[in-house]
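Each chain gets a letter, A, B and C, in the order it is written, and its residues are counted from 1.
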Amino acid sequence: MTTEARLLHGTADDRLGEIADRLEGFLAADPDLSFQAAAFHDGAPVLDVWGGPHLAEDSVMVPFSVTKNTIGLSVGLLVERGELDLDALVVDCWPEFGAHGKDRVTVRQLLSHQAGLPQATPALTVAELLDDHAAAERLAATTPFWYPGTAFGYHGITIGNLASELVFRVTGRTLHEFYEQEIRAPHGIDFYLGLPADQDARKARTLPMIKPVADTSTMYASLLAPLAFGMPGPQVDLANDEVSWRFGHPAVSGTGTARGLARLFAAAVTGVDGAAPFLSAETVLTIGQQQVRGYDEVLGQPHRSHSIVFQKPTPTLAFGGPRAFGHDGAMGALACVDPDTGIAFAWTIARGPWPGGADPRALTLASDLGTILSR
Amino acid sequence: MTTEARLLHGTADDRLGEIADRLEGFLAADPDLSFQAAAFHDGAPVLDVWGGPHLAEDSVMVPFSVTKNTIGLSVGLLVERGELDLDALVVDCWPEFGAHGKDRVTVRQLLSHQAGLPQATPALTVAELLDDHAAAERLAATTPFWYPGTAFGYHGITIGNLASELVFRVTGRTLHEFYEQEIRAPHGIDFYLGLPADQDARKARTLPMIKPVADTSTMYASLLAPLAFGMPGPQVDLANDEVSWRFGHPAVSGTGTARGLARLFAAAVTGVDGAAPFLSAETVLTIGQQQVRGYDEVLGQPHRSHSIVFQKPTPTLAFGGPRAFGHDGAMGALACVDPDTGIAFAWTIARGPWPGGADPRALTLASDLGTILSR
Amino acid sequence: MTTEARLLHGTADDRLGEIADRLEGFLAADPDLSFQAAAFHDGAPVLDVWGGPHLAEDSVMVPFSVTKNTIGLSVGLLVERGELDLDALVVDCWPEFGAHGKDRVTVRQLLSHQAGLPQATPALTVAELLDDHAAAERLAATTPFWYPGTAFGYHGITIGNLASELVFRVTGRTLHEFYEQEIRAPHGIDFYLGLPADQDARKARTLPMIKPVADTSTMYASLLAPLAFGMPGPQVDLANDEVSWRFGHPAVSGTGTARGLARLFAAAVTGVDGAAPFLSAETVLTIGQQQVRGYDEVLGQPHRSHSIVFQKPTPTLAFGGPRAFGHDGAMGALACVDPDTGIAFAWTIARGPWPGGADPRALTLASDLGTILSR
């Protein structure tokens, strides 16, 4: 059906009337709210809607760490093709990485936040992070903040540099190039690592969250968090400054639509347009399998969980069932897939609700779509 | 002494007058309460009592997961005899198990809930679970729900099928057969994996717990729990339906008395009737050694602990000291042993107290017996 | 500057006026309070103060587990010299240790409380603990309380005996001898493992903490704690009885001043008196790298963390940044170093505040010194 609502635009499957009504209600209740929501079910589009003053149908924005889904799916494609062995040592393809006690770190550990490198010593500059190799070289020369394999902590930014270098060592291409050539272009995905200049007119800003007056919460109880997320020297607005999104950091500053992100997961897991998925069911289970769960050394939170790069659902991040995976972003966005229900879902939002992380409305939507459409 | 109490029947050691009085008090306070309690100290019976309308001296019932003690002790006997190496790979004796990334799972990990197989994909039917090999074959073909060895979660039902297949591959006998021939029959244990027809007259029902009117608790905060404990297709009352206890699932539906369960542990650890224990002190420490502790991926509880199959005592499951081990059941029963005090203890109960797991009265009894008798 | 305060004695760097005022305030508020505080910054003394009725400038006392810093730094020196490989198996140099399933324990695991030996079976006597080899032999013959490498728990006393034997097997010298000959004497450290008789006149008592009348707290929620810290037979006051401090147990009963402890860390990490540090920057990162974090099996506390022997700072033990390390003591003392700020700090106290562990005032001082002096 085409949504007949006044504020919500786009189309929704006939079975999703309650969902469309709910979204219309969100827009009616908050005139500033601006989002895109998109979903596929078993490869068919079932939801493609948007609303609010800050985002149009084709607006592209930076959903922060939702970008990390491009890393996980690129890795999946390399695993699928037999080019990357998760149980190999990183030094097998990247010898310099072995310095300072990292010679036994596996690819699996590196890609599930276990290598102890949420920051380099000394801390990385923005210029180094927004570079194909500079940050990776510095991280290779750093002693891990914990003995690799004994703990994990969110490599919020550095996982992009580490994964890109890993892909480069295996394929001769950066992660940007590999994703663009092997995934984005062939499957028509409206989500870029490095927005091309001819798309600039569509770029929308990510707006700052509004902190409640009475809120006195401390986000993180961790000694590593300030270090991991602090960058010395000139600062950059990763979502809005061109230097960031033109580069397209694979961990935090890809650019695109919710439609593009949902299609990305559908193309990988269920296939779209009648084509086979670009990952086999075996690979989907492999990259979606929980690798770590518990206390995050960087975020200082007690119940985090990751598969290969991706987040896993938990009782407080309940976007799907035990086989689901995906990633949220610092400012409210979310993209995820549940192979057991065939739902690929994405949510972008111009100004996410405080205190950030996946918008709770998006988590509920992802979960409800699975319930409704698998009835 | 013979208990002279009006409601409590049986015999108790002279040093256990306070214990007998306490049990009499429980019966006086709750006319529905029906239990059997039995204990051995250094191989000698010191407690053998029962009371209440639903259980007689020789009543046999299904104590749910207390049954798992038969797995742990059978494994112990195979370790004792050198037939099973806990540090071997499962695939060494069961090659099919290696599918989907399980080729490096050790016997030790499989038997301490670390293999990531609390359920098969798709979920197992009752018919498959109550079969010597069907569920095991399906589990061998399943991708683990977490990377094996990095987490643990209660394999509440499947550990029975997995362990039985493992024993079959090693000995050519199912766990049922091995336990019956090597442990139950030779040591005169009144606890069966598969109740023989000539014992049917003794079979008592396990009665449903009564949920408090005001209770709104959710038992489990876990995405895996509904999947792990859900069975598609026709449902079965595991404790009361003949299809279950006639088969005698080694994880959940053995049948017997508290006297039998206490004797089982005494025969294993201290010896009974003047005989040597069937496990050496070394093996007792081996199978009782903590293998995992912390968050249970299936139960969603933060402080669970297991040795080889068995539960270990914790501050909230305090049935003994650091070397003790045993297993409780969903409906209140408990059986355990503490090699440091020489106490083997068992408790069966017709209708356990809400919300289930080991009856707190039984935990206190087990602990107090050690204190009193080792004075 | 020389402190001009009436109650506080000693000297403080000109930039530490606020610190001196704060310490003076502590003494003014509590006439019984008696402490020594000392710090070095980049190898130069910046704080050397004392006050209160129970400790003079040169008083030496037993700071309990602060003594463990001597183990960590001795191990560091052996690693530095290539005599000890943290990733080697313990049995490579100590074959008897391999009994009862310990043959795959690494030096790294043994020295980070992962070996499962917080106590021997049967429990060690004081006489065995205060002996160069007796306790170590008994521990080598003990089955670990958990499968080594899967958990950790504070080896509060036994880590001294285990580390000493390890050093003996590698060097032919006990840890006492190695520390005395290679660290204490050459660097002029006023902290002894075994106080020489000619220093006895300086010995001050460690006074019992005063428990608040209303306090009903239980220190530990752990089944292992009573066993780990209980010693059968005649008891000894480890801090005050000569049998203890004359031996100088490397885990709990070294003797010295705060000045000595601060100098110990400065000599190791930044160098003192214009000399190079006795550990390289690489070794400092190696011995300070987090090895374990989470639930401590012995203390029953959920957020403990250790590097090689040392404690790591945590949000509730915040004595420094992510690269800092050190150790507190049961009765309030603390010594630590932060290689990122160049601060080496120590605090001794005659009667620590209830309930023990690092005096919160000392934690704040250690942290503030880094902030003030790195401005």
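Brief remarks follow.
Following the convention adopted for this analysis, contacts are C-beta pairs under 8 Å (C-beta built on N, C-alpha and C of every residue); 3 or more make two chains touch, one makes a residue touch a chain.
None of these values were measured; they are calculated from a predicted model.
Taken chain by chain, the contacts link every pair, so each chain touches all the others.
Under half of the residue numbers at the subunit B-subunit C interface are used by both copies of the sequence.
The best fit of Cα atoms from subunit A onto subunit B calls for a rotation angle of 120°, in steps of 5. Spacing of subunit B relative to subunit C, judged by their CA centroids, is 43 angstrom. The multi-chain contact residues of subunit A, meaning those touching 2 or more other chains, are 294.
Of all residues in subunit B, those touching subunit A in their complex are 100-101, 116, 121, 143-147, 150-151, 221-224, 227, 294-295, 297, 300.
Considering their complex, residues 108, 282, 285-286, 289-294, 303, 313-315, 318, 321-323 of subunit A touch subunit B.
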